[in-house]
Amino acid sequence: MIIVLKPGCTDAQLTHICEKLEEMGFRHEVSRGIKRTLVGVIGEEDQLRNAPLKAIPGVEEVMSVLKPFKLASREFHEEPSVIDLGHGVKVGGGYLMMIAGPCAIEGEELLHEIGTKVKAAGANVLRGGAFKPRTSPYSFQGMGEEGLQILRRVGDELQMPVVTEVMDPRQVELVNEYTDIFQIGARNMQNFNLLNEVGQTNRPVLLKRGMSATIQDLLMSAEYILSNGNMKVILCERGIRSFDSSTRNLLDLAAVPNLQGLSHLPVVVDPSHATGRPDLIPPMALASVAAGADGVHIEVHSCPEKATSDGAQALLPEQYAEVAQQMAALAKLLNKTIPAAGSAS
Amino acid sequence: MIIVLKPGCTDAQLTHICEKLEEMGFRHEVSRGIKRTLVGVIGEEDQLRNAPLKAIPGVEEVMSVLKPFKLASREFHEEPSVIDLGHGVKVGGGYLMMIAGPCAIEGEELLHEIGTKVKAAGANVLRGGAFKPRTSPYSFQGMGEEGLQILRRVGDELQMPVVTEVMDPRQVELVNEYTDIFQIGARNMQNFNLLNEVGQTNRPVLLKRGMSATIQDLLMSAEYILSNGNMKVILCERGIRSFDSSTRNLLDLAAVPNLQGLSHLPVVVDPSHATGRPDLIPPMALASVAAGADGVHIEVHSCPEKATSDGAQALLPEQYAEVAQQMAALAKLLNKTIPAAGSAS
Amino acid sequence: MIIVLKPGCTDAQLTHICEKLEEMGFRHEVSRGIKRTLVGVIGEEDQLRNAPLKAIPGVEEVMSVLKPFKLASREFHEEPSVIDLGHGVKVGGGYLMMIAGPCAIEGEELLHEIGTKVKAAGANVLRGGAFKPRTSPYSFQGMGEEGLQILRRVGDELQMPVVTEVMDPRQVELVNEYTDIFQIGARNMQNFNLLNEVGQTNRPVLLKRGMSATIQDLLMSAEYILSNGNMKVILCERGIRSFDSSTRNLLDLAAVPNLQGLSHLPVVVDPSHATGRPDLIPPMALASVAAGADGVHIEVHSCPEKATSDGAQALLPEQYAEVAQQMAALAKLLNKTIPAAGSAS
Amino acid sequence: MIIVLKPGCTDAQLTHICEKLEEMGFRHEVSRGIKRTLVGVIGEEDQLRNAPLKAIPGVEEVMSVLKPFKLASREFHEEPSVIDLGHGVKVGGGYLMMIAGPCAIEGEELLHEIGTKVKAAGANVLRGGAFKPRTSPYSFQGMGEEGLQILRRVGDELQMPVVTEVMDPRQVELVNEYTDIFQIGARNMQNFNLLNEVGQTNRPVLLKRGMSATIQDLLMSAEYILSNGNMKVILCERGIRSFDSSTRNLLDLAAVPNLQGLSHLPVVVDPSHATGRPDLIPPMALASVAAGADGVHIEVHSCPEKATSDGAQALLPEQYAEVAQQMAALAKLLNKTIPAAGSAS
C-alpha cells in the first residue's frame, strides 16, 4: 500500500499519519520525491484496505499494490482448477463444458425433446430455468419446484448434469435437492447473502458476471463463495452494459484470458444473453472457444416463437448442432477435450 | 406495438404473423411503405410484450409504443405522491427529505452524537447501516440486530424517522421491527424476491438505482414493490458506472426531472455514494435541490478516519451543517419545504 | 512514479530495471514488502511517462503519482482564471457566461430575432453554427462563411460577443476573422492539429468535452491549446455516452467541481446537448449554476419545428426567459455576477 | 417513420402534424390504438430524418424504421466487398489482411528488421505511424514526412502494402504520395472534413471505430467516405470505452458479425489497442479470426522497452510468429485465405 501525500502536507500531518500506521501495527517508509512525498506501508494489505487511510488529513491518494482476492487467485492456486460436474463431465484445465437448453422450463415433453437434440449435437450440460428473474413483475416468473422436478427427471433420463438458477437464499436448500450445478444470475452477482448460502453447499456454482461488474468485482463475488468453503466456482462472462443498443449487452471476450490469468477458476461464456441475437451467437460461440473459454452456454428452443421467456434469442436445435460441430472442430485444433455426458458416472 | 418486417419477408410469412396475432387475440393493421412493411398491433401491450414476436420468421424488429411500468407512472397517478415518514416528516410534492448519518452503525454513543449534530443542522431522517453489503467478504459486514436496536433507540430519542438497509428477504421481518424506512441498496435493485417481500409490508422503501440500471429498469423495480400493494416507494439516484475513475460513480442528475416526468414517486439523490469524494458532495447536494430533487442523502461521520466503512467519503458534522444551510436557502428560493423532524408525531 | 515488480521477478531483472533507470538519469529506491517489491523512481514524471517502463521484463505495473497536465493545473495557476470575452462580458472567478442562440445559423433576420430575445432575457453571449459536424453526410452541413458574416453582423448590432464552431485547421484563419470565441466541438476534442491551430491564436476557446473523454483527457486537450501559448480556454461539460437511451447523453455535473478543483480554467455546462430534451434543460441549467458552473450554454430557437438542426432540443425564447430569470436569482444567492453584454466595450 | 402522439394530443395538434407532413410531401396514415395514436409516415426516410418532427407539439416520440446509412449497407451492395491493397494482397470476401508493425516509425533499419520478421511470419500489410495522435502535447508526435519516406522504402523493399495514419485534411495529399492505405484513427472517426478529404482519393481507407461510437455511428462515418466516391473502406474494431480499467479499452468482438450483417465492407480487428496488454493479444487475435474478421491488426516491436510509443502493448516478433501460425491454422479450418504479400503485383 502506498500513501501519496498532498503537495502542502505539513510535518504534523505526516507525523499523525505515521502514528496512525504504527498504532495499526504497520511498518512504513517515507520517500520524498521532487513534487510529492510518499509513504510506503508494509503489512497485510487486507487489514490496510479496511482502514480509512484516505480520510486522514494530508493524504491525497492511497494506491493498492496487491489484488484484494486471494482464494480465487493464481497465487493461491497456480494450476487451473478442474471441476467435476457429474455424469462424466468436467470443466477447466482443457475440458470444455457445453451448456445448452431452453431459457425457462415449460414442460417435460418439450425439455426432453430439446435435451435429446442438444445432447446428440454434443452438449454435455442441460440448462433450464425454474425461477426466472424478470425485469417486469408482469412477466412469467417460472414453474418453480415443478420445473425443478422436470429438470431432474430429464437430466437423469439423458444422463446429463443439469444447471438451474437460484435467486433467493431461502431457495438454496430446495434447489440443492434437484440440481447438479447452481446458477447465480447476473442480477444477483452481488447478492452476498445468496453467495454465502451456496458457498456452504458442496455443489458447483456457475457465477454470472453482473452487468456492471468489473473483472475484480466478479472475482470478489467468487471469493464470497470460496471463503465459505465451496471451491467449485465456474465464472461466466455474459455481456456487460454499453452505450450501443444494437446488441442486448456487450460481450467482453477479453475477460476470458484476463480472468484466466488472474484466477485458477474455469471461465465459460454465454453468447446468448450477451448478444440477444441468434445471428451473432454462432460466431461468438466460436470466438469464445478460440479465446480459450472453458465452456459455452447457449439457449436452444425448438419453437422460439412459443417460448415463455427470451424466445427471440434462442437457437433452433439444428442451428445449435451446426455451431456445436464447428466448436468441436475448433476445440480439437486447440487440443481441448469436450467430455461426452453419460460416458462415465 | 409495431412489427417491422424484413425487406424480403414473404406473403406466407406475413400471413403467419397475422395468424399468430389473431390467435393471441390482437387486432392488426398492415401498412406498406416504400422500403418496409409494418404491422401495427392493437391490444394490451403487456400481453404483447411477453409474446416472443421477434422470433417469428420475417420479423426484423418489434417496437414498443408504451412504457412497461404502470403503477409507477404519471398516467396511473397524475399528482406527485407525498409519503409520510413519521415524526412529522414527509417527502414528495414540495417536501424535502434530508437524510444524514454514518455509513455503518458503530456504537450508540457515536450514533447519538452524529444524530444530534445532523438534526441540529436540519436533517430530518437519520440513516445508519446494520447489514452492510461489502464487495469483499473480508470487510466489516455490520453489527446486525444490535445495530438495529441502537438505531431505533437513537431515532426515538431524537424524534427522527430512521432508514436502514435490508439485504435479504429473510431479514425483512426483523428489520421491519426497528426501522421507519427500508433501504434497498443499489446491488439489490433487481433482487426481485427482496422487492416482493418489502412490497408486502406497509413501510416506505428507499429504492436505490442499480449501478447499470436504466431509468426504466429502476421504475420496473419500483413496480415490483407497488404491485405487491406497497405504494410508498421513494426512488434514489446514487450514481451509475462510467469510464471515468476520478469519481466513484457518475451522478446522473438529469435522472431527477426525468423520473419525475415519468412517475409520481419522490426522487432523492445520494451525492455521497455517487461521487465518493467529500469535496464534490456539497456542490452536488446543492445541484440536486436545484434540479428539483425531493431529498438529499448524505453520509456524515464525526471521525471519518476511524469509520469502519466508507469513511473517506463522509462529511464532518460541521461540513454537513454548512451545506444543509445552503440547501435550506435554495429550497426557500424554490418554494420547497423542509419539514423539521419531531415537530409532529 | 512507482514500479511494482511481478511476484517472481528475478534479481537479474531487478538489476536490469535499475540500470535502465540510471541510464535515463533517474534516482530510485527499492522497497521490499511482504508480497511485492517496489521501485520508487524520483525524477521528472513527464520524462518517465514517455518511457515504456511497463515493457521491461519483471514489471507488473507502473503507477503514476502526478497528474500529466501542467499549465491547466491549479498547481501552475492557483487562482481561477478570468477570461475577457469582449462587449463587457467576462467568465470565471465569479462571472457567469450565459450563452444562447440557435444550433445552426439559418438567416440574418431569424438570428437577429432570437438574439434580441435572448439578450433581453439575460444572455450575454450569442451562439450559432456556420460549420456543422453532422453524423450523416446527408444532413444540413451549415451555411459556411455566409453564416459567419451573419453572426458577426448580428453580434455587433446587439453588442454581444459571439461563439461559433471551427471544425478544420484550414478554417481557423477564416473563422478568426468573424468570431469572438472559437468553439471546439465534442467530436474534435482530440483533433490535436486543430487544437494546435487555435492555440496559436489569441482568441478564447470553448472546448467541449468528448463523448468518451475522462476528466483528465479533457484537461490534456486543454493543455494542447495552452502549451501553444493561448491561455484563454473555457472547458465545457456537454454530456457523455451512457447505457441509458432516455436522454441523448449523460450530463456529468460533478465534472464541474471536479474540474474546478484540478484546474483554474472556467467550466461551463451545455444542458441542451447533454440531455437533448427541452423538459430537462431548465432543471439542469439551474443545477449547473448550483454546482458552481461558470456559465450555461442553451440552444434557443423561435420555431423549433422549422430548425435545420437539432430543433427538437431547442427552448423557445419565452422558455429561455423563464429559466434565465431563475438562474439569475440563483446566481445572486450564490454571490455570482452575470455581466450584461454591451455594458462596456 | 412512425410518429407516436402524446396521450393528451388534441385534434388540432393532430391536424397540424398532418398538415406539416403534407407540406413536406409525405403520405401518412393515422392509427388509433387503445392508449396511443400513431401516425405512419410514408416517404423517403432521409428527408424525414432531417425534419425536426419531434419538436411539433403533441408528438411524444418519432421512431425510425430504416437505417440511415445507404452506400455502406447490404441492401445497396449484397455481396461482401473485396478490396485490392496492392502487392497481391486483398481483403474481404474470404481474404484476410494481416497487418503488423510498430506503433511509430522510429528509423529505417529498425522498421526493416521488424517488417522482415513479420512478413516471414505471415503478415501481408506493414504498418507504422509517422503522425501520432497523442493524448499529451508533451509526448513524441511522430517523425512526419521522413517517417513516410522510410515506410514507403521499406514497403517497396519487402513488397508489402503499407498503412499509416493521416490526422489532418492538410496532410492527405502528402500521405497519399507515400502510403497504400490511409488509416483514420479512432479519435478522428468523426472528423468529417478529414473523411471527406480521403473520400476524394482513390485509396483504401482503414477506418477505426471511435471510442464511444455505436455500430451505426461507424457506418455513418464510412458513409461520408463512400458518398465522396471512394468505395474502398475497411472498418476496424479497436475497442471502446468501458468502466473496467483492467484493459485499455473493451474489445467488442460481436461488432464483427454485427457489422458484416449490416454492411458489405470488410471488418478487421485491432486487439493491440483494444486490450493494451501483450498477454491478451494472442487469444483475442484468434478469437477475431473465429468471429469471422476479415483481418487482424497487431503491433510488433523488436525492443518494446525502447519504443517511443505504446511499447508496453507490442508483441515481440517471435510472439507474433507464434500467433500468426495459429491464426493461419484457424483460417484454414474456416476456409479463409491469407494472401501472401509480394506474390503478385
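Labels for the chains are A, B, C and D, by order of writing; each one numbers its residues from 1.
Quick note on the criterion: contacts are C-beta pairs under 8 Å (C-beta built on N, C-alpha and C of every residue); 3 or more make two chains touch, one makes a residue touch a chain.
A quick note: this is a predicted structure, and the numbers were derived from the prediction, not measured.
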item	value
Third chains touching both chain D and chain C	A, B
Numbering shared by both copies at the chain D-chain A contact, with half separating same from different	same
Intercentroid distance (Cα basis), chain D paired with chain B, Å	39
Intercentroid distance (Cα basis), chain C paired with chain B, Å	31
Whole-Å gap separating chain A and chain B, where each centre is the average of the chain's CA atoms	27
Per-residue multi-chain contacts in chain A, two or more chains	212, 240-243, 245
Partner chain C, residues of chain B touching it in the complex	212, 214-216, 240, 242-247, 250-254, 256-258, 261, 271, 274-275, 277, 279-280, 283-284, 286-292, 329-330, 333
Touching residues (chain side chain C, partner chain D) in the complex	20, 46, 49-50, 52-56, 68, 133-140, 167-170, 187-188, 190-193, 210-212, 217, 220, 223-224, 227, 240-241, 304-308, 310-312, 314
Touch list for chain D against partner chain B, complex	2, 4, 7, 29, 31, 33-36, 38, 40, 42-45, 63, 65-66, 75, 241-243, 245
